[in-house]
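By written order: A, B, C and D. Residues from 1 in each chain.
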Amino acid sequence: MHRIFLNSIVLLVGLFAATASFADSSTAHDGVAPSAGNAAAAAAVEKKGFIADYDNIFIVKGGPEAKPTTEIKPLEWNWVDKLFYNPMGWINSFTDQLGPEVEQPIEFPHDRHAGDPGKVNPDGKTGDGINCMYCHTFARRSLTAGIPPLRKCIGCHQNIPSVRDTPRIVKLFEYWDAGKPIPWKKVHDLPDYVRFNHERHIQRFVFKQERPYKEVCGYCHGDVASMTVARRQRTLSMGFCVNCHKKNHSLDSTYTKAGHGPNDCFMCHK
Amino acid sequence: MENNFNRRDFLKVLGWGGAAVTLSACGNTSVENGTEFVTSHSTEAMPEYAIPGVYVHFNSTCAQCDGGCSIFGRVREGRVLKLEGNPESPINKGKICGLGQAALQAHYNPDRITHPMLRKGDQGETITWDQAFALIKDKLTGVEGGEVAFLTGATSGHTGALLKNYVDALGSAKHYAYEAVTPTVVRAANKKSYGVEMPRLHIDKARVVVSFGADFLGAWVSPVNFTQQYAKFRKGSDGMRGVLVQVESKMTLTGANADRWLCIRPGTEGIYALGLINALGAKGFKVPATAATIARDYTAERVVQETGVSAEHTEKLVAILMQRTPSLVLVGTAAEGYAHGSENAAAITLLNHVLGNVGKTMVYPASVPFPQIEPKAGGRNTLHALSDDMKQGKVKVLFTYGSNPVFTSNPSVEFKENLQKVPFKVVLTHYRDETAMEADLVLPLDSVLEDWGSSVPEYMAETAQINIQQALSERLYPETRGFGDVLLALLKQRRPAEYDKYEDFYAYLRNAMVTNKVALGASSGTSDDIFWRDTVSRGIIKLPATTAKVSGKLAAIPSLAKLTLPNAFAVDEAYPFHLIPYTSAHVRDGRHANIPWLQESPDPITTIVWDSWIEIHPTTAIKLGVVEGDIVEVASRSGAIKVMVYVFKGIHPDAVSIPMGYGHEAMGRYAKNVGSNVFKILDSIFDRETGELALHETRVKVTKTGQKVRIVKDEGPYGGGQAGKRIALRKTTDKVNLSKEV
Amino acid sequence: MSIANLLQNWSRYRDTHPYGGAKPHMGYKWAMAIDMDICTGCNACSVACYAENNLAVVGKEKFLNGKSMHWLRIERYWHDTPEPTDPLQLTAYTASGAGKHFPDQGAHFLPIMCQHCEAAPCETVCPVGATNHTQDGINSQIYNRCVGSRYCLVNCPYKVRYFNWYNYQDPATENVWPEPLNQQLNPDVTVRSKGVMEKCTFCVQRLRAVMVDARTEERLVREGEVQTACQQACMAGAISFGNMLNPDSRVGKQWIEQGVNIALDVQSKNEHVGDNTPKRGYRILENLRPYPSVMYLEQVRESSV
Amino acid sequence: MTLKIKDDKPFLRDTSKMLWDGEPAHAEVKDMSPHISFAQITSDVVNSLENPRPIYWWAIAVCVFMIAVGVACEVYQYRTGLGVSNKSNTNVWGVYIASFVFWVGVSHAGTLLSALLHLTHSDWRKSVFRYAEAMTTFALMTAGLFVLVHLGRMWQVYYVMPYPNERGVWSNFQSPLVWDMFVIGTYLTCSSIFLYTGMIPDLAVFRDNIHDGWRKKLYTFLAMGWQGTDRHWRNFRVAYLTLSVYLIILAVSGHSVVSSDFAMSQQPGFHITSFPPYFVVGALYSGNAALITVFIVLRFMFRYEQYLNMDVLRKLVRLTFALAMIWTYLHLIEMATVWYGHDTAARDQLYFKATGAYAGWWWLFNFLAIVCPWVMAFRRWQTNLPVQMVLSLLLNVGMWLERWMIVAPTLGHSHYPWTFDFDQWPSFVQWGILFASFGWFALLILIFCKVFPAVSMYELKELNYARKVEAHHALVGEPATKGAH
């Protein structure tokens, strides 16, 4: 029922916005100019029959000479954009931008582990500045970032007697002794028809462009280092993804030196 | 291949709680609300090869048929998701058939038995394995060894060896190896003619293949290997595309791929073979005197009259056989399935000798130097022997494994009735099949994807090989056991001193392999662990090929001089049609009937799914007044079944054909009540030499019942027509060379 | 994106034809070639497709009613005229002597899946743009965008699209994957719910996995790096698949060798009189100009037997 | 609630008094009498709001039952999946799309009567065009429902709308279904406006003749302060004329677009150039036949014998016959182009329709839609109510079958022989929903006629005045002037 209601609102707003955005040409920042390079590539393909060789592929505009964009800004829209350009996102912003609060079996203090060592957390302790990928170790080589095995927690915590008796650690060792994995609940959960690839994003932004991992991870996950239990900070809606991915339409999903994300439905929905 | 040294331990702790199953939806669902679990996969350290979201490949061996293909499973988050062929195996070279793919659904089948069951009246009662073993021990006490019988399918490898040991340990217990459909007669004929039961075939090197009912692309011996050879044969590696001629009464998949499908009167295959020899001689081909003498009487006229194959086609075939050498002549299920099956097969093998193929396209097979793990196969004659024993009360305890005799036995065996006379019946099985329904104790087995083992295929390509079957996943149900585990536990009851040192079958297998590592090709310096890791990760041990040759001498064939073939069958007025039970490449003898993929995969020839059918030639159909979809009663002297009609030109007008393996009364939701069981109307007529049941010898009559169904098939109302469209095209040319193609 | 922008750049949002359109393929054009001479019709590819792509087994009744979901179906054609099923016609047919001929040159086995047409008829008619042409030449099907108008299936000349008439994943009604059968489901492929269209994707989940790796390594996907499920299973090796633009690719060489140009609807095939390797490549229903990406090689039958 | 006319007299209950010269209620009125008074017209129409024949309520009950059947079917289909409608992967469309086209077709008659004939100054339309116009609106609403019912995921239907969104995803403007969405939407909007605009003077009459109750409030609101001043009338005429011109364009383009659902596709049997005119004329034809059915029903139910009289019926029937003949011509042309064309697939298709699994239905439709209308050519039957009732129903059945014969056999017999499918007989769900659509349509019409003026009072009065002038001139021997309205 909730969905039907929501959909009908979207319909109405959409109808309104459809007429309104004729005037809204300022949002055409993704305009695509006709490219001579494309035509040349097409001609090359034509000339050689139906097999193009690799050399001709690279003459397309936005090829190797095009510099990758190094600027990542969090998604910020003013209310005009929200209303006219992005009514769905606008409605979402009232509802579940952060998602529900998820109760985890152990209230894991991200701030204590990953937080800035110089900063004092609400519980009066400073962070340890551990790299996200120390625990979420699969992010750089798998689709999923992965939850660390219990062994990993124990590996450190058996050597930290000072907190051994705190309730959370006691609970942790209870799981360990019982030999049971901790039933964490998913916070950043996408619908099942969307496939986000952690590996590709980490490889590109952390290892290729050498950005700070906190910025890269934080772009989607927010400043987890300041949270205890992780909470969703972004809508993680399709518009959120497309905001980066749509930036240059002339680049395809398959381009090897692409500066931009693919803009191909089949990349994530399959 | 990945390191799987510690895999079993890993799998043990992996468990199912960890594997979140993605049952995706794109209906009304939106972003989830935090109810989905994500758990760390184990409490142990995550091995490198178990990264969530990343596939890992583990090698194993396919056990869906006895072909012995090596496979690897794509495993992700502890679940086997897909099976592919292992490129290292000479048998299947990285390929896998549909049947092999479907092992997944045998593994994840919802109808598997999960606990040992003990009969309580009509009900089964769940018991523990300890109770089960105690019960078996109890029942075996006071029983003489000779009163215990094992009925298994084809066995090989270390389970075979353990079984033999257990049979020995019991005293004089009997082991009956029984396969419902197996080329027993061909084996015997080959043994006589070439000196080996199953010579290695070089279809790829032959320029002409004449196959007498051998469905080598469908369900005969090692279809994956043969199909690969067939592809090379078609391409023609030496500059000429191979020509396939199929001689049979019912079109099989191989027949449908033949350049010429010769429809022959049932049972006259041997006559045709001798007729070919005679015609070859007449054309000036150098036919050895012995063979010429035998074939002397089979003149062209007589052959046309008796076999129904036109003289024109025979002439063309003879011409091409003379012109293009080497060729290869195969004897298959259709030729051997008669009372004179051995004679038929002998006549056809003779043709190979005459054409000089022996030693060229038919060579000595490889064999493993360990007789105790060699494959043990048996035909239907063993079932008769067992059934007689049971009838006479000689069997007190019966174990069955890997076969479903209640389903596959022909009625005159009275297996089900005789089974009642056995006081204690133990059935080791995956499903509640027909035999399990009769059992006193049902022991649930591991699926082949969660069990360890080894096997030696009967037909080996290139080199001798031992296949290692590796567990690809943790047990789905904790209360199932592997066949090897069960045997080991039973052996521990008898010979504790010898076997108590093995914790489970895995330990036994590892020990057996490691002990013989030098014989298995490892250098003596290799450490046990490295050898074992290497072996398991490769999934296959290749042993050097034998250099022996098949005997090519005609004179060496015993009883050749006595070779006489009966004339073509006389018309039987009461039962006018020959019944040809057809081996479906999907469900085989019915053991795979509970796999939904295979049920939904259309029969290649008729495109029928989820049912069995009777193929009737159009002229016969008009005589009988039936059309497609009519239900007819097919009655033999032994029984009658009802089955729907598929009018089909690829069958001799005197014959009708029904696929085997359908018509289960139990087994599971996908198999039950699908089609009719053709085994139930097979007459007990035996091959005169080997005593094997003559599968094709049954005569039936077909009567219309008046009922009608819509036949469930993939082809549309237009049948195999193309309505004038250019959809499937064909070139008919001579001496094509495709070998230069990419 | 505003509507003004949309209108200005109208033609850029659609690819109508690969070589007339604004967006040529850049680096990739996935294509297939199927040799019908060595295809034996064994159905292994079809079963592999079921395993890889989470296809629903619909059961007897629904199969009967034409609701089967085999993305890759094997069609069996007889070379002669079809058998009439009507008894009257059958009598006349037999009287004419036609029924006495056995189909003695065997059958044709034609594995057919989505042809990934370059000018796909299905793409233009989808009201919501759920089916599109990707840059690498695949005809995509976006399940979560599909509204189920089934217009694409109406317009598909090959009828290789399959509609989810029921909710096959619903344990309450259509129990296609009862426990634990659902554990086999491929997590890389969406399990389709009721009311959406689905079809062969050229195993896009496999393609994308290697393409992502290739991008990380800043190269193109190499020949042999990826196989579709059907290709991997095919025992005879009748199916070849790959990036046609890769000069090393077998499929690209086959297309050149067989003289089939993906951009033409009438091929100027030279029959090579005197050469006994005739060109046998063709594409099905080429005359309708969908420019399919799957080339078939004609079956050959020896005439001298 | 009691309805009262303005001079506090109760409504005339005696039906016999409604007739101008005391004929019994069921007598055939040849033509509207010139002697009838304006007050009589007003009271007759206002009276229809209050006391239809009892069969009206029975009809309402039947309609509700029909809708209930359809709703039950739809709920079942929604919950289980479209599979319960028994379509196959070959026969993907079936009854829903056929019915969609049928209802869009029915909608065209109203536009023809009210807009096209308005432009041609055809007087006789004046008594029938109002309910015909209402039929346009309601038939479109019914057609729209079929689109929803047809969709696999109707809850996502808004994806078809091009609304701006953050994802940058648009509907596909190349798809004829999107054109459909636009054209049906526009047509529905415009025809409702047209209907409403034309009713304003009559609503004002209702407002002035009814004293209390919700109706008073309703009519007061809807009449928009109509005072009948000269200026009002002048503007009204301009607006009405403009809308009618616009609506004609919409109607023609509307069904042309619907035809391009088929003609734009590759299916043999759909891919025919002459589809747009064929569809448009077919639409007018079937719509007119439906008009006759409704004519006879309303005439009886609301005692409109005076206004929906035999003269009007005769003209309607003749118009229908003429359209039938044009349609027959186009139908034959369509077949001829296929028959003599180069597209063998389409020819096979045609041959299949005539001889294949659907041959019976195909010949039945040809008989009903081509042969049956010839009854209308005979003067003696043109005003025979039972004959025309049965005939108009048969024609509608025939035209529905025509649409079904475009959809079902064509899809079953496509380019690809392997997937031919002749066996998919629609299940009870499809029939149930089709059944309900008639109930839904009839219910809307019945409610409309009870709440709004089903015949146009002001135009009747104009006609009446013209007749009076005519009669007067006839009496005094002068020629009648044209254009008295």
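Odds and ends about this structure:
To be clear about the criterion, a contact is a pair of C-beta atoms (placed from the backbone, for glycine too) under 8 Å apart; a residue touches a chain by one contact, two chains touch by 3 or more.
The model shown is predicted, which means the values in this text are computed figures rather than measured ones.
The chain closest to the protein's centre is C, with centres computed as averages of CA atoms. Comparing the CA-atom centres of all chains against that of chain D, the greatest distance is found for B.
By number of C-beta pairs in contact, the leading pair of chains is B-C. Centres computed as Cα averages put chain B at a distance of 67 Å from chain D.
Between the CA-based centres of chain A and chain D the separation comes to 54 Å, rounded to the whole angstrom.
Centre to centre, using the average C-alpha position, chain C and chain D are separated by 44 Å. Within chain C, residues 1-3, 68, 75, 77, 143-145, 167, 189-191, 194-196, 285 each touch two or more of the remaining chains. For chain A, residues touching at least two other chains, in rising order: 3, 18, 21, 30, 85, 191-193, 237, 246. Annotation for chain B: residues 22-28, 53, 710, 715, 717-718, 721-722, 725, 727 touch two or more other chains. The touch graph of these protein chains is complete, with an edge between every pair of chains. Chain A makes touch with chain B in their complex at residues 3, 96, 99-100, 102, 138, 141-144, 146-152, 175-176, 179-187, 189-193, 236-237. Listing the residues of chain A that touch chain C in their complex gives 18, 21-22, 24-25, 27-28, 30-32, 34, 38, 41-42, 45-46, 49-54, 57, 60, 85, 191-195, 197, 199-200, 203-204, 246, 249, 252-258, 264-267, 269-270. Remark: chain D residues 80-83, 86-93, 150-154, 156-157, 159-160, 162, 164, 168-172, 174-178, 181, 261, 264-267, 270, 411, 414-416, 418-419, 421, 423-424 touch chain C in the complex.
Interface residues of chain C, counted against chain D in their complex, comprise 1-3, 6, 13-14, 62, 65-68, 75, 77, 112, 121, 124-129, 145-151, 153-155, 157-159, 161-167, 173-174, 194-197, 285, 288.
Contact residues of chain B toward chain D in the complex are 27-28, 710, 715-718, 721-725, 727.
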